[in-house]
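Pasting the structures in now, so scroll down.
Two complexes follow with subunit A in common, the first pairing it with subunit B and the second with subunit C.
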Partner chain A sequence: MGVLDKLGVGIGWRPEIDLTVERLPGVDFVEVVAENLHVEHLPESIVLLRERGVPVLPHAVSLSLGSADPVDVHRVEHLGAVAEALGAPLVSDHVCFVRAGGLDSGHLMPVPRTRDALDVLVANVKTAQANLPVPLALENIAALLEWPDGELTEGQFLAELVERTDCHLLIDVANLHANARNLGTDPNRFLDEIPLERLAYVHVAGGVEHDGVYHDTHAHAVRPEVLELLGELRSRVDPPGVLLERDDNYPSDSELARELAAIREVLARHA
Partner chain B sequence: MTEGARERLAEAQSELLTALLAGGPSPAGFDERLLRVEARSLLAKRRGIVAMLGPEVVDALGDEFRPLFDEYALGHPRVAGSRAREDTADFAKWAQERGALPEPAKRRWWQRKAT
Partner chain C sequence: MTSGTRTPGRTGVSPEEFGYLSGGPGRAAEVAVVRLLEAGLLRISREGVVSAVAATAAGAATPLEAYALGAARTGRMLGELIKSTATSDALAALKQHLVDRGFLASAGRRKFWGAVRTLTLVGAFVAMASVAVFHFNVGYAILLLLLALVVRWFAGRMRRPVRRAGRREAARITVMSNDRLGIVAQHGLAGRIGQFPQQYYVWEMLGIAPSAGATLRRGKRRTARQNDGAYYASSCNSCSSCSSGCGADNSGCGSSGSSCGSSDSGSSDSGSSCSSGSSCGSSCGGGGGD
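Moving on, here comes the complex of A and B:
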């Protein structure tokens, strides 16, 4: 897939850890939350990383492409403008909805895995693609609940989405673990069903378990089960990139470096 | 697209968010326990963001912050297109109107300082 052939191992850039990201060894690429950036006032740290030639990929959280509501083209255009300002080869958002009926959930909500919902999602993704200067990758989310009357597995749903829109996939193995733990999704079946050749990159993140529910917090260490899933994925495909997401409760630089090293180790071991 | 797909999905999504955010009735077919887990999780995330943006109000309310915020949130679900700072300011105003927070001084804590 051209420019994405070799992204390598990366970390989510956040303002709280800007200096850490700059000086961590072995950061091949970073991701930024697109909604937090103003094209006219890019953070110094991001400009510095770009000057060093580090790819910076915009990641959106608010397009709500799974919503029944029509796509908010202004949000798509902002994402595209950020991609152009950063010279990014690709942008991403999630297979989810955040707005419905005039309300905002404040978080990524799962869409029903029905034909209706898939048709709407496909139409929305096509609208987004038509308004973006670069390809779009879509990510599987961690869901805490499941809609009734699903007609497709999550893997089948994503496979058909890719087939009908030609989008790329951003696979989050922590979200895959969350859904396996909380909803009983079979991660191996998921990996069998999705078109791995459309994989743009992989997310890895930490979480915590409370009362038998796994919470995808991005504020705790990466759990061994999540690294095992990364290994399972790597045994099937060599992903162009793998990115660690940490959004809160930031650990020391050395701890983050250890997590990146653990990711590299898993990738090497399952190669 | 199948005829009416968008309308059917709109209704289902709206019903789910109303249940999760505004105490609406549980939509049919969902696991009640998971609906509660999701509602709590969304509320905790919203509360955390307001606490981060308005530490003064958290300090002023002390132990009352959480129950008060949870009551406010249920009656005032986030409206699509609203911003977290507005949510923070609206909560402070709501708490003041109930007498839980002292009346503000000249510059209200949720307003930006002049730059």
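Moving on, here comes the complex of A and C:
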């Protein structure tokens, strides 16, 4: 993977915290939401980070690779153009669908874990890969529900997806925690089943629990349970990168710095 | 002047009130927003998006600050936030306080003297018309015309938003060069300070990025009417989206890059023009997320 061997610890770049991201100590890489960028008018902050040599990885949310509909090639091409404009070593999206029958869900919806759905997903991923200039990594989501009649566990589903498409994995440990808390899945079994050697990097995010339901808000502090999962993952593999996601209710610079330090501490402790 | 506090020893006005007396409601709003920025309760992005650092009003020292903090909770362009704060109930209360203390003219007073100004115009016209129609004595007509002009000038002075007591109070304040909040109150964010040719904008002094400062670009026309002082007119485009809303052809968000005019005088209008991109982020609610 070249540069991915040493991405380090990063943070999701958002317009509201651009200056914070620029001045936070020890930010090794950042991730941007690809759909929010215009190739012709990259934000000044992003340009500055690139000039400093900070890798900027585009992260998509709209390819809807799990849709029964064919992939929208224009969206893929936009993602590829953003990657080229940023000199990014890879791009990413989710194992999910966000559109069906001409309707947008407005949310990342889980794909049924059946072999039929996997065939559709594999076909769409291959189409996307054929139209992308850089490798594609796919992320596990926090599911609101599980479709009935699943034939594979999530780990098996992702493992087969990787095997058939040669894609990389972007593992969100907060989503793992959400699924464990809300759906009763086993994060350790998930980590046992996925091909960790294809890990591109890791997402860490905060959330909050209400009435026994974990909400993956990206607007709260990272919970200890999520950091524990990161430690569990780190004890199995040295991830090329770990990225903190924060999308709302942005805390102070020092609070964000503390969260990044906590991630580094977990990585070091479980090395 | 101490930031965010009254200075009863020297004057009886707070920084926000000093801002109002110096530049109108927009200036008072600027003082509140800058105080919050300086205190780390608000953050401003390179493109001028201002957002609350904590999702509470804790730390706000005044009702105006509490309003600005709440208004910025979801992130707003600097010019838009100032405009919103300048038209808030908290600002109206601050204004009323200044009216009650005799520093500002009341709406009724301004209306009265505005009517007097109009009447002088009517009187002058009648005097001139009488000369032509009724062969009124030209000397008397000229005398009446001059009288009307004098009354009109006087009414104009009486109609000014800041009364003599307010101007006197503001003049008593000496802003030190290291008093950043005082400088904002006196000159405004888009005002210029320093000696020619080393002049710079107040927002530059505060470390605000040029693209964010550009959102404070002043309009060329003084369309705000002097009645209530400064206000901001903003025109912002936002590019927000959610998980699937943004398509490949969804052009992102540009940034404004215009320059700022300068003015450090009292009441005027300011226009901001900006565009921002808010992050799609990821799906977050419920149990779903990325």
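In this section, the second predicted complex is superposed on the first by the 271 of 271 C-alpha atoms of A that agree within 3 Å, B and C clash if a C-alpha of one lies under 4 Å from a C-alpha of the other, contacts with A are read in each partner's own complex, and residues count from 1 in each chain.
We adopt the following convention: a residue touches a chain if its C-beta (ideal position, glycine included) is under 8 Å from a C-beta of that chain, and two chains touch if they have at least 3 such contacts.
As the structure is a computational prediction, the values presented were derived from the model and not from experiment.
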First (subunit B), second (subunit C), both or neither touched by A:104: both
Superposed model, subunit A: greater residue contact from subunit B or subunit C: C
First (subunit B), second (subunit C), both or neither touched by A:146: first
First (subunit B), second (subunit C), both or neither touched by A:215: both
Subunit B versus subunit C as contact partner of A:14, first or second or both or neither: second
First, second, both or neither for A:69, with subunit B first and subunit C second: first
Which superposed partner A:119 touches (first subunit B, second subunit C, both, neither): first
Touching both subunit B and subunit C, residues of subunit A: 99, 104-107, 109, 144, 182, 213, 215
Touching residues (chain side subunit C, partner subunit A) in the complex: 40, 43-47, 49, 51, 53-55, 75, 209, 211, 239, 241-255, 276-290
Complex contacts: residues of subunit B adjacent to subunit A: 1-2, 5-18, 20-22, 28-31, 34-35, 37-38, 41-42, 45-46, 49, 77-82
Touching residues on subunit A, where the partner in the complex is subunit B: 67-69, 97, 99-107, 109, 111-112, 115-117, 119-120, 123, 144-149, 182, 213, 215
Interfacial residue positions of subunit A with respect to subunit C in the complex: 12, 14-20, 22, 33, 35-38, 41, 43-45, 61-62, 64, 72, 74-79, 94, 96, 98-99, 104-109, 139, 141-144, 172, 174-175, 178-179, 182-183, 203, 205, 207, 213-219, 245, 247-253
